[in-house]
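Pasting in a structure now, in structure tokens, and then I'll have a few things to ask.
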Amino acid sequence: MKELVEKLNTKYALQDIIYQRDNMVFATISKELVIEAITYMRDYEGFAHFVMMSCADWIEDNKFQLTYILNNPQQRCDVALRVMIERENPTMTSAHHLWKQVWTYQREIREAFGIQFPGSPRVEENFVLEGWTDKPHMLRDFDTHEYAEKTYFPRGGRTTNDPATYMREKLYPNQPVTAKKNKNVE
Amino acid sequence: MLNNFFGFKPDRSKYPSVNEDGSLNIDLSSHQYTKLWLGPNHPGVTGNMAMELTLNGDEIVEGKTHVGYLHRGFEKLIERRLFVQGFPTSIRMCVAEPDTNEYLIAACTEELSGYDKQIPDMAKWLRMLSLEMARLQGLLRGVPGQAGTYSLGIGVQWGVYLRDLILDRFEELTGARVYHMYIIPGGVRGLLPEGFKARMEDNLKDIDDFIVRIKKLMFDNAIFKKRSIGQGIVTKEMVDKYGVVGTTARASGVKRDVRKDNPYLFYDQLDFDPPTAEEGDIYARTFVRWQELIQTVDLIRQIMAKMPEKGDIRAQMPNVLNWRIPKGETYVRIESGRGEYGMYYVTDGSDKPRRVNLRGPSYTHGVALLEDLLVNTNIADIHALMVSLQTCPPEIER
Amino acid sequence: MNIKDIFTPFTAWSGVLKDPVTIKNPIGREAAPRYRGFHDNDINVCIGCGTCEAICENQAIDLVPVDGIDTKSGDSGLRPKIDYGRCCWCALCVDICTTDSLRLTNEYTWVDTDADNFRFIPGVDPKDWYEKEDGWRKPVPNYNFYGKERVHMGELHADERSDSFIEFVKGYSKEQAQQEADRCVSCGICTATCPAHMGIPEYIKAVRNDDMEEGMRVLYETNPLPEICGRICTHKCEDVCSVGHTGDALSIRWLKRYIADQIPADTDKYKDILGTGDLAKNGKKIAIIGSGPSGLSAAHYLALLGYSCTIFEKLPKAGGMMRYGIPEYRLPYDQIDKDVDYIAALGVEFKYNVNIGTDITLEQLEKDYDAVFSGTGLHLGRSTRIPGSDNENVYQSVDLLRDIVLEKPVPVKERVVVIGGGNVAMDITRSMARLQMQQFGKVNVITTSLEDEEHMPADREEIVEAREEGCSIIPGYGPQEIIIEDGKVKGLKVWKCLSIFDEKGMFNPKFDQAEERVFEGDMVIESIGQGMDLSYLTEEIKSKIEFNNRGRIVVDADFQAKGLPWLFVGGDIIEGPDVIHGIANGHRAAMGIDKFLNQGR
Amino acid sequence: MNIYVKIAYTFLGLMIVLNWGMLMRVTFRKIGARMAGRHGVPFRQPWIDLIKNIAVRTTLTHGVMFYLGPVFRFSGAVGLFLFMPILFGKEAWMNFSFEGDLVLILYFQLFGMLGMALGAGEGGQPHSAIGISRGLAQHAAVELPMTMGIIALAIQYQTLSISEIVAAQQGGFLHWSFFTNPVASAAIMLSALGAFGYSPFNLVKAPNEIPIGPPTEYHGTYLGVLMTSGNILGVMETILFMNLVFGGATNWFELIIKSFLIYFYAVFVGMVFPRFRIEQSVAWFFKIPLLLGFIAILMYSF
Amino acid sequence: MSELNINSKVQEMLERSEQNAKNSEKTFVRPEDEVREVVAPDGSIIKINPLYDYFSGERPKEEKPKNAIVEKFLNWARSESIWVLGFGTGCGSIEIPPLVTPRYDMFRFGVQMRPTPRQSNAFIISGYLSVKTLKRVIRSYEQMPSPKYVIALGSCTINGGMYYDSYSTINRLDKYIPVDVYIAGCMPRPEALLAGFGKLKELIKEGKAEKANEYARNFDEYKANQKKIIKDWNMPDYNW
């Protein structure tokens, strides 16, 4: 595992290498090298099984993190390569030619995060949504609760009380107190 | 022989022709092809899924899957929930075998927060028990269900009855029939009730009997063989190419089982050998699953024999309302009844996850692989093909 | 295909004669004993803490007021109302319920034509499944959603501490504090019970987040004496803590102390954190009599509002009862100084050794200042008035404690008997024990109280610690006579106490004369309560203001004395004796003064 | 016999056949349920379903042929009944059977299917279209060997009248065509499996591929008519095979037993076998029963 | 050849939909479903709107019960023969297999599954409905012949349930189609489902299950709600 990571490191300049488990490593790689790296790993290092491809939205850094997880079924180890791409007009090279199922992931990520994968088959088609007009639904700044409240007629007539506030209003309405609402779930 | 004589196999080299970009040249207005939608309101489609088929007679020349009818946005919802709140939510991602989801979210949070070493042994055994029971109930539906797709309904009736018995045991153990919410981050939510093992053993005996009966009904059935042998072949080469996992891969001669390859819980203490086959067709897949059924019954017996009588069921964890997990990411996989089932989990140091992404076997089986296998099959075989690939739409779209 | 394959399937027909396995009457079939069905709530046990609402991932639970359940200390009067249009029967609400009142029964059939009906208050709205015994309850032990056990606070061992007045409670380390703070479920039930209504969940959250400056800001919103309060507060909040219903209550007091301890004793730093660097003065002057908790609190909040305050203190140092009534091993003097110094740094003027009435009269203060706040406290000991209590070897605990602080010679005898079961009794017991240890090398203090062990007003840990230090605490006896031989105290005769209050709730102890004991001792210390010294009030003033039947000055909600608008009274002489009440009174009196002085504008 | 009395008897016979058909079907549903280990529908269910279907308020049509589909099928069933001798030797129950009715019967068997094809086609539902094309294909494959077998019987008995074929079989069960002409009987009975529409030859109505095929769009009264004609057809098919192969019936009791057993034969096979794909079933019919039919004809031709 | 005769109502809707298509910013009509002009065999040019040509253009009609005594008998028959549409819309559909298999055997109670909406008269909404499914559900519901009944399973149909904050699932079913019986649970057990059928039978026998007429009566209101969330209305308004 260590040797492999070192080999990859010299070849593709990995960063932030984290050994999550004995047989699983996470590392960041540059956007330009990742397709080359996974092709190399598939063809020469035995990482034949494409586990998954995922995206996370780091809105505070203004980045998307794309993660490619590859598995080597013989050596039973995984390598996950992270790619940080800009959040503005995100585009990524498609990897659909490497594994047959990759286009599905890319199609979903395009719909959920708005990342473009030029050349990926059927990538423009909707995956799970139909007639969606709002911003891509997995973005951090898309508030699903607000959207649902606005759109789907939640059944009215519900009121709740915060115990601390309620007790203050009942027991000592006029006294100087801290009046912060402290709830774990909004 | 006669089939070929009557010329039922169309010559696909002549039509439809392939365009330069790889798409098929299908002109619907030529009336050579028919467009047919199968689903979502369709009893033959597993779950709630649609297929847009282009037909030439009874044969499919192009099939497109349409998912999203069961999309609930779990991954978004879990981002809004505390770590412990995520677990009742997550299990609904796949209704056929919910326990795997529970285990995954528990395992991910435990691993990232560093509590994975503190899970009590008793809890681990109980987790294994519930996972194997989940596999068993899934197979009890799935194995005869394959014959059900060819309208051999009795097997399904027997199977679902026995599955109900297992669900009764689940109810006793976990407090719910289908959505058990048993494997909680840190442990499990209850010990075995009194007399559980005896009742379970009774049910396992019934299942033993069922295994024999279903063998005679399905696998020694001339027409079942005729329909399933040679259909929907997944070759050895396709396994890696399409990301095929689990019993589907094992039926194609690729022995992959997470329980053996990356043992989790106490699977390394159990004695089992995942069954395989070489053919890769529907019959082989079903037959492998049938052997898996035998093996699962045996595993449950082993677990019940080996598990301790008493023990802690949950590690001492932080207050669930205030639980924060440091920044990190991980991917945890387990072997569900359908194959490798994984979860990619990213935390950012807050009390809620940053990103949760499920990798279910259906995601690859049910979209990319299914679409390619559909080509040149008969409409009558779609349902069988979907069931044999264990397509579970809620897990594709989540 | 072989011929066998055509005939084998027909074996399936063998099942046709078997009896069906169908459940005969499935509707309403009993579910498993552990089944998670519909909710039930024991509303008399429930305190409406809202943890169930907080953990519900579906926002299915509302807290609503219920007829017949009053809001009172430790009970919000709210009860969970569950929306079955949201619930997913995960039972997390049951698992986290702080009082174990919520449970799920194994009933599961509810069919209705109107969707609006699927909302009910378990335990209140009549439903036919409440009598079902089976259902989901919190799983067996070792299954907790929050820590049930309090994080142990480090202490000096009894051997180390029993002969010195150094502080023996070590205080939490960061890990301990965070672990303890982690147990908090942030319900906020405690804030109503706290006289000062401190933002307890907020500052505990600050501990969890390791944000001491934020914690400090929360503390100072309602309490300007966190160091002091963090040590000696009577922590009424902990009595009602929801976590304490099925486990140990949260150490709210120690967490407060932890926050205050993390900030170094540097007034500039304090000002920096609290944002009180430059306070605009509004030119009005307030006189404050007494530098106890209420006086300091009033001074602090008045100073924040821009008033110039002057504190008149009879004794040489500020702190009042906190300094002169509480032994140093519980509240070190430098911690008092830390809080007092910050208040002084806000521009509050301290005038020590000034005796109102003799050095300066109240009328004079009225002329020189815009308003006067009096928080003079309870500095007179109360006597049992039993035979022999007028002996010279019978002392008042208040006097002895004050003398210890003033480093006056304190009479210490080899055998000491203390009457009283409150915290002050414990203070004097343990102080005497220390002095005995220093002087004689052994401890012989007997403390007795009317109340039995369970009802002793003193804090549990005080009793336990006193015993560790070698004191004998013998509760449940009523003093009858101090036995005097040759003018010297020989001991205390006591009878077993059967009950303290009569049916009407009046103080009327009943004794069992048969069980008589004599606690031998060379001196007796009475510690059964304190009285107030209002000698500084002139007759003229006394005639203008009103007193209630307990001899206390009648004040309105703003602590404005009835009849004298310029005089505000607070602290132990109004409510007490209790430091946190004093602080609360001071705060509210400050607000009242502000209101009074700003009424014209 | 007076023609009015005859009509009255025919009408009564139709009612008996219809109710017997419903009872028989529900019995087989219950037997199937028993095999799975459950109780199944109550015996009254078919009648309630029929009333329910008539009680459906919405009836919408896609055109004239959509109307006529069920009507054709019903007339096919009634036609089958009209020209079929039901009880041998009882003039009242011979219906309108005549010389050469065998040919008419074969025609009426196809008549309903053709009607359905027209109606289902007009329904516009692609599943119906697929179903009906499968149905026609399979029906053709079934008819061929069956006709072969029947022709063999006709050659054997030298008649095209069912009554005469039945008459020739009287006098003990050894006189049944089943024993006198086993090859032709085998051809007929194997193709009968297809005529009954049970598994393995129920692809026409495959509910989990093409939601029940031709009748997909039919609802309410249309469906009631289809159900009625289906039940009549079911019984009439058994009576046809009974008359051809098993010596007919001389009283109602015999008819009930025989038709039940003949129907049971289809269920017995269907319950334990999955269904063939359409080309597989066509091939099957062309392979085994057709071959037997040929042999049967050849045997009696020389 | 005479002019192709188009129903005036259809004509009206056709024009309106064209107008709508022009006005709305984003339309979701597939290219093959767009309104287009074709040359008829006789050379005349006709305009076709595939979305409207597939279906007839009629609103659902309110169909009043008949004579009281007859209706009572018919209601009895309806209640004893409930045909359920086999459309698994959510998690609750996992509890349907146990119902049709030996353990619970709902056939005993006259409840059967039908594969096509045309022949069904009961619709089990088995839990949450994503907007994408809702569209198909409405379509299926409208295809079902009257009288028809809707059984809603679980929290999700009452007030959103566990997915109350999801962007994809609706919160209250009764805004979109009328519901006869609700069954609490997530998901309801088969036993509860049978109890729900029992309740539905009662309602039918009492003649209270006339929600299909309610749908016809308040058709515009229901349609407005449906249109609010289904943006891609790639099927006609009135497909009766």
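All chains are identified by letter, namely A, B, C, D and E, in their written order; residue positions are counted from 1 within each chain.
In this section, contacts are C-beta pairs under 8 Å (C-beta built on N, C-alpha and C of every residue); 3 or more make two chains touch, one makes a residue touch a chain.
Everything numeric here is computed off the predicted structure, so don't read it as measured data.
Any chain touching subunit B that also touches subunit E appears here: A, C, D. Chain-level centrality, scored on Cα centres against the all-protein Cα centre, points to B.
In terms of the distance between Cα centroids, subunit C is separated most widely from D. In terms of C-beta pairs in contact, B-C outnumbers the other of A-E and B-C.
Subunit A and subunit B have CA centres that are 23 Å apart. Computed centre separation for the pair subunit C/subunit D is 89 angstrom, with centres defined by C-alpha atoms.
In terms of their C-alpha centroids, the spacing between subunit C and subunit E amounts to 61 Å. Here the CA centre of subunit B is 42 Å from the CA centre of subunit D. For subunit A, the set of residues touching two or more other chains reads 128-130, 137, 142, 144-145, 155, 184-185. Counting partners per residue, subunit D has 33, 35-39, 207-208, 211, 271-273 as the residues that reach two or more other chains.
Looking at subunit C, residues 9, 12, 15, 20-22, 31, 54-55, 57, 59, 83, 85, 88-89, 115, 186 sit in touch with two or more other chains. Inter-chain contacts occur between A-B, A-C, A-E, B-C, B-D, B-E, C-D, C-E, D-E.
Against subunit C, the residues of subunit B that register as touching in their complex are 81-82, 84-86, 88-89, 120, 154, 161, 168, 171-176, 179, 181, 187, 189-191, 193, 213, 216-217, 220-222, 225-226, 312-314, 316, 318-322.
Put simply, subunit A touches subunit B in their complex at residues 18, 20-21, 23-24, 26, 48-52, 54-58, 65, 67, 69, 73, 76, 78, 80, 99-101, 103-104, 121, 126-130, 137-138, 140, 142, 144-145, 184-185.
Interface residues of subunit B, counted against subunit A in their complex, comprise 22, 67-68, 71, 73, 75-77, 79-82, 85, 111, 240-243, 254, 256, 261-262, 321-322, 328-331, 333, 340, 342, 344, 346, 351, 354-355, 357, 359, 363-364, 367-369, 372, 397. The touching residues of subunit B, counted against subunit D in their complex, run 2-3, 6, 8, 34, 36, 42-44, 58, 147-154, 157-158, 161, 217, 221-224, 226-227, 378-383.
Touching subunit C in their complex are the following residues of subunit A: 155, 157-168, 170-172, 174-178, 180, 182-185.
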